[in-house]
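The two complexes that follow have chain A in common; it is paired with chain B in the first and with chain C in the second.
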Partner chain A sequence: MKIRTLTLSAVAAMAIAPSAHAERGSSGHVNIIYWQAPSTLNPYLSGGTKELESSSLVLEPLARYNEKGAMVPWLAESVPTVENGGVSADLTTITWKLKPGLKWSDDTPVTSADVVFSWKYCTHPEGGCAQNEKYNDVKSVEALDDLTVKVTFGLSKPFPYGPFVGAQSPILQAKQFADCLGAKAPECTEANFGPIGTGPFTVKEFRPNDVISFEANQNYRDPAKPAFATATLKGGGEATAAARSVLETGEFDYAWNMQLAPDVIKAMEAKGKGKVVAAFGTLVERIMINFTNPAPGLGAERATAKHPHPILSDITVRKALSMAIDRKLLVEIGYGSAGRPTCNVLPAPEIYKSSANNACLVQDVEGAKKLLEETGWKAGADGVRAKDGMRLSLLYQTSTNAVRQDFQALIKQWWKEIGVEIELRNIDASVFFGSDPGSPDTFQKFFADVEMYANNFDGTDPEAYMSNWSCKQAPRPETQWQGNNMPRYCSKEYDGLVAEMATTGDLNERARLAKAMNDKLMQDYAILPLVDRGRVSAHSNTLGGVVLNTWDSELWNVADWFRKK
Partner chain B sequence: MFNYTIRRSLLAVPTLLLISLIIFLLLDLAPSDPTANLPLTIPPEVREKIRQSLGLGDPIYIRYILWCKQFFINEPLNILEHIFGWQIGGDRLRVLSWQTRSPVVDLIVQRLPQTLWVVGLSYVLGIVIAVPIGVISAYRQYSWFDQIGTFISMVGFSVPTFFTGVLLIVIFSVWLGWFPSIYDTTHQVTDWSSFLVQVKQMIMPVSVLALFNAAQISRYMRASMLDNLNQDYVRTARAKGVRERIVVLVHVLRNSLIPVTTVIALGVPQVFGGAIITEQVFKVNGLGQLLIIAIQGGDVPVVQTLTFIFALLIVLFNLIADVLYGVLDPRIRYD
Partner chain C sequence: MTEITPAPDTDLRPPRSQWLDVWDQFKTHRGALWGMGFFVVVLLAVTIGPYLWTIEAQFIDIRARNQGPSFAHPFGTDQLGRDTLSRVLAGGRVSLAVGITAMLLALGLGTLIGVIAGYFKKLDGPLMRFTDLFLALPLLPLLLVIIMLFRDTLRAAVGPETGIFILIVLIIGITSWMQTARIVRGDVLALKEREFVLASYSIGTPARRMILRHVLPNVLSPIMVSATLGIANAIITESALSFLGLGFPSDFPTWGRLLFDSTDYLQQYPERVLWPGLAISLTVLSVNYIGDGLRDALDPRIRGR
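Up next is the complex of A and B:
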């Protein structure tokens, strides 16, 4: 990874050097393909990755994350911290200062009023803003003068970089969206399809779920950028076709998120028209263990804390399940260069990464068998182990997806070897990840023994993510089956760590807490992490300046892209 | 005939209303969630708020009546306003898509040109190819031409378009580099060279679909010709000394076209339905792709409106087919 980062930075440095002398628009046209088509250009109304990333060519936040996960000022002069006085000592306010002389693409000045408006827009109770969480605990946002904004939180906020940071909460132009607050938000089609922004490009034409045509923003703050005069962002189709159009036919310059089998990508790259780039973030494919009994006979109390799981409450079973998995082989088959085996549910950034659990990297079928044998799980005539009349038979569910079904088959085989009988089930993603409380097949209801999916968190701060596994987050009938604690894991010690982190400001102390929480989950085998999944994209050999970033929009530095001669 | 048409049209109104209700109920029963495709980093409370803002909190009958009002009253009024430049009433709430938050009818209007050009042209082309093949195949039954024709129609009919489409892309885009693999919907035809670009990007999708359409229609044509060739009136015509050309192309062909015409008329709604798979393969992004994306995204207003428009077209073209049958065949009278 170090070497990759170094090479990437070196490539980036080389790439940026020539473009610094270039003129705006000198590189002509760039073609970008997203195999999922953007539906709107207002990220507050969608929340989907495709919308966030396509709108990031136009709309920008005050600060964003670079490819290493570090925060960099974007529209703000600098990132406020306690040291530079931008964040108050009691961690309840943060004061941002805009760069002077910023202009919207319609030639009007960017002011603190626009920042205040963006907060009002997203937090309007009837608006249904998808990024509401970014503004959690914000009590007020005030404009101190034309360029200064003060955000006040209702409580002490150790990580005050939710609002206005990253592609999720960019600044909207107050003038354009003034009549679009609350219930009126969806009716402002023109504004939602053509937001006025500060970014390197402006929208020329937007065709929802199809294609976007961009032109260089003539008021962009760097007069030499962007190097491209026009850009097209085509959407639709599937990942294979997108990869083909960059790597094989060369029609497109950049293809986003190629979730393809490793051998398919390799064969395409061999054509020599483009390069595949990968970078890692926090996305982990994992198996969740159900700590509650999902037996249908329990009726309304099914899969609730009232009935502990008859098999999986035994930690030796959970541990044996983890030991039997060959994570390296899973990576090889499912992800290739786009994955790494992992033993942590919190795999990044570097300071949060624990090294206490690495034993799981090596498969140990014999050890798993021995462990089960020692604790009284004896193999029956059909090879399936049982204890006190309880057979080791589990239902394993996941969403419908080729790689996930491969994983299911492999893991079923390994678990069979240690004497666990597995029934497989896959559910359409829109149902599985849908949160319809009436559907029995959602990942929250978890009417199965183990389930597999991937999850990550926005930005670089793991506080909200790690608090997912506190007792109160367990989905249950009282919460309409909402909540993020799918395993229904519940530990006083863990909840204590969550509470402690919520009041700790010091970064190193926070890192220690995050690691401790990760280790607790791993050593209790509540979650079995499988693969640290990277993002894979492709760009043509003639496109320079691409720096793949998993912490923010992939198109974050599109202003620096240029055409190699 | 006129009375019959009026009667059928009136009968279509309750049928269509019932269809719209059934579609609505089916969509409501389906366990899909418009927020399901959002990243998992968006918390459930926010998802719930999004669903509320989409109107999902209202009871089902209110949502159905609202859709009916928006679709049957507001949208036609808007179209009238648009065409005649009138101003009828104030602001009306239109049928809004959940994914794009824009009016569904505007989306459909935006998608129509691609679909009509690519799918419509392939249908016309399919007919033009199919009719002569059907005629010759039937006239020279079991000849080598008939055998090859049968083989090609079997291939065209049974090999799915996602296979032929990708095959063509691999051959003509990847290996030969003749045609683009991705359709540019923003391309505008202004002069000869831009027309050529348009032709180039249309060749592959149109030929894939034309093969499929031609395969179907040519079989109907052949069967219908065979039926007629053995009729007594053909023998009579031949016995009168009518030239063979006239016998086949005037007497037999005209009679054989009657059932084929109705088959063709009944197939027209498919054109508007787009060709979901072919549009996906070539990224034509017409109505078919709009429908499939809406289904995947749980975008109920778009699915509801599109499906209903298809139902409307099917009812309409059924009527047209029946009337055409009466017009073409004097023996058939409905009154």
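Up next is the complex of A and C:
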């Protein structure tokens, strides 16, 4: 009798074993740590990455981006395009079709009414929706039948994948949020802290700015997923402690965003408990050149287009500055495997990546010296070059951050070698990136000659990003110093390319235009790209199925995660 | 025959200056002597040192990064290959200059306000409320505003490093005099009721003379203690400022910055925090001991015992 039971259970075990992660809940519990703590689970009420990513366990969009930046249908049956008739020929409408049979975690069906509601929720005139720009130019969203939704834009939209795509604009349940529209949105604490979703997990308990407990969603569309029965997302702390908890002590299975020095990470990884994974997106550490004169003597006209920069208006100086930088060494010192040298401000996705500027990968100090010498910048007694009484003396600012200060010191030395005198300044990150028009130290005001920071763009379409450097985007007093064109770069040719891209729908043509814009900026040396920075996360050796994604939430495929035996 | 011959006075010692007595007393304090010795060595090292050890503190030799102690680099090198010894020497120059100047400023202000508040009853209330006001001021926002307002003007007038030096010394000075003022005021209030002060008052000694002759020498010991704590405080405040990006440019070494820079590497290269850390703590300790010895030496009640 006993033997029979044993044999039976052995047989049963063998039957289960090969598909150990093919059954819902079979992997037990997973611990995730985010060193910034989520304060809500409603991504429409917060612009923070931590909120977007933690809510992506529960809420899902119609389509999302995979690790290559390509769009994959998620709640929708397929991604609508002009070819399959989902996008109208005049590029003003897009029609999404939901997968049939989808259920919310409370066992009610997902319908097109929920999609329409999500749009209404975010675009309510009284409400402050953090993801408003996703719904830009949307004129109406209508339910054609229970599973079909038509989005109509007020103008021709070459890239109509703003609404309902990616972690920023998921679908909310209309029933749950019906009374939470507009000004009442932040008051619906229960809904915001425990949204009903379609994702692999449901919220069991949410403690704001601390811990979220999840359970597997019993109504998830794939009956075999998720492999984990429960999940905990712990928030707060700092990057070093989070990395240690995964790589050294093994308390946690997944840690997000490891901004640590390469040696530190390497030493932790050597303990053998976990692995560091990196993926590259569009984040580029760059030096911006100021085309306007930031001299304090100019008063209100300081750093505006009225006064061109006395030194940096000379392209040979800008070019020499770029030539003197050893980008490979910067990567080695600052980022290790989490970075790679780049000569483009638009490094990805692949189709937009230009190869016309790769010469900058090789440092050429002698060439830079020669270039300056030839154009009349002669070295003085103290080694600093001068021309027409203007000394090559620059103020170089960035935010306070150990890696950035190392970069500053290194670059200062290289620039000193070619005869440029540099004064360094570092500013507290919350002030530097604070955009406060009252502060003189913001990166928009740019009261310095060169400044360094990193920037990227959401999603995969570079149109908005590349239009950052059109003349009208320059921060100036009339715009309360807002705008994205920090260098105050202004070129008719560039503005022409921006205008052309806004009306071009063909993907290949758009790629050509984006590359042309990138090359124009690079060859004018308005921006000196340094490092293409990857996103670095860490996961335990026993956690399988992790695919790091820089184009969407990092937890985008959490349904596929499993415990390795 | 009444010739008076002065009786030979065996007790009569040759006249001595008061400061010699102070020095005699100071010498009996072993810790103070060691402290003074160390402080002089540090002062000499940071003033003369950079002329003897000629590697430039800001020079980057990237191939020699993260090295341990060797003959070429006795203290090793940092993550960019800068020589740690020359950075500690150059950093000490700045840190000590900031510490001492800011301390003197804070001490001067604090003593002045403390003595006036304690001595003149009418001014006590307003001056102490003024002190409360300063104590209640949040340091960081104040610093942000001051630096924002004056940085560019000073930078244009005297250059980035001197400009920041003046600013930092001023800021630390005007935000750390309050404790000294409080302590001094309390002591002055107590002194004012003592018999010798009353006696002096009864023969019509003017206030100015009273303060300089009777009050100040007797409150010297708390002032000395404040001074020693003040140097330490100023060095630490300067470090915190550098860390926030409000201090000197990031490549300009100070002890505080060296310490902050190396905390990231605490696990891999623990020796790197050691040098600036030792320099700061030993300097602060030695200054404290000097203060201790000076207090004993300057106090007439202890002296000679």
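Keep this in mind: the second predicted complex is superposed on the first by the 544 of 565 C-alpha atoms of A that agree within 3 Å, B and C clash if a C-alpha of one lies under 4 Å from a C-alpha of the other, contacts with A are read in each partner's own complex, and residues count from 1 in each chain.
The rule we apply is simple: a contact is a pair of C-beta atoms (placed from the backbone, for glycine too) under 8 Å apart; a residue touches a chain by one contact, two chains touch by 3 or more.
A quick note: this is a predicted structure, and the numbers were derived from the prediction, not measured.
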Aligned on chain A, chain B and chain C: do they clash or fit?
fit
Is A:441 in contact with chain B, with chain C, with both, or with neither (first, second, both, neither)?
both
Considering only touches as defined above, state whether A:263 meets chain B (first), chain C (second), both or neither.
second
Applying the document's definition of touch, where does A:183 land relative to chain B and chain C: first, second, both, or neither?
first
Who wins on chain A residues touched, chain B or chain C?
B
With both complexes superposed on chain A, which partner does A:252 reach: first (chain B), second (chain C), both or neither?
first
Which of chain B and chain C A:209 touches, first, second, both or neither:
first
If you stack the two complexes on chain A, which partner ends up touching A:236: first (chain B), second (chain C), both, or neither?
first
Three-chain overlay, closest Cα atoms of chain B and chain C, distance in Å:
6
Of the residues on chain A, which ones does chain B touch that chain C also touches?
431, 439, 441
Chain A touches which residues of chain B in the complex?
31-33, 35-54, 96-97, 99-103, 106-107, 110-111, 169, 173-174, 177, 180-182, 184-186, 280-281, 283, 285, 289-290, 293, 296-298
Which stretch or stretches of chain A touch chain B in the complex?
33, 37, 39-40, 42, 45-49, 125-133, 183, 185-187, 189, 192-193, 205, 207-211, 213, 232, 234-238, 241, 244-245, 248-249, 251-252, 429-436, 438-439, 441, 444, 453, 455-458, 482-484
Residues of chain C defined as touching chain A within the complex:
58-60, 62, 65-66, 79-80, 82, 144, 148, 152-153, 156, 160, 243-246, 249-252, 261, 264-265, 267-268
Mind listing the chain A positions that touch chain C in their complex?
261, 263-264, 267, 296-297, 329, 333, 399-400, 402, 405-406, 408-410, 412-413, 423-428, 431, 439-441, 447
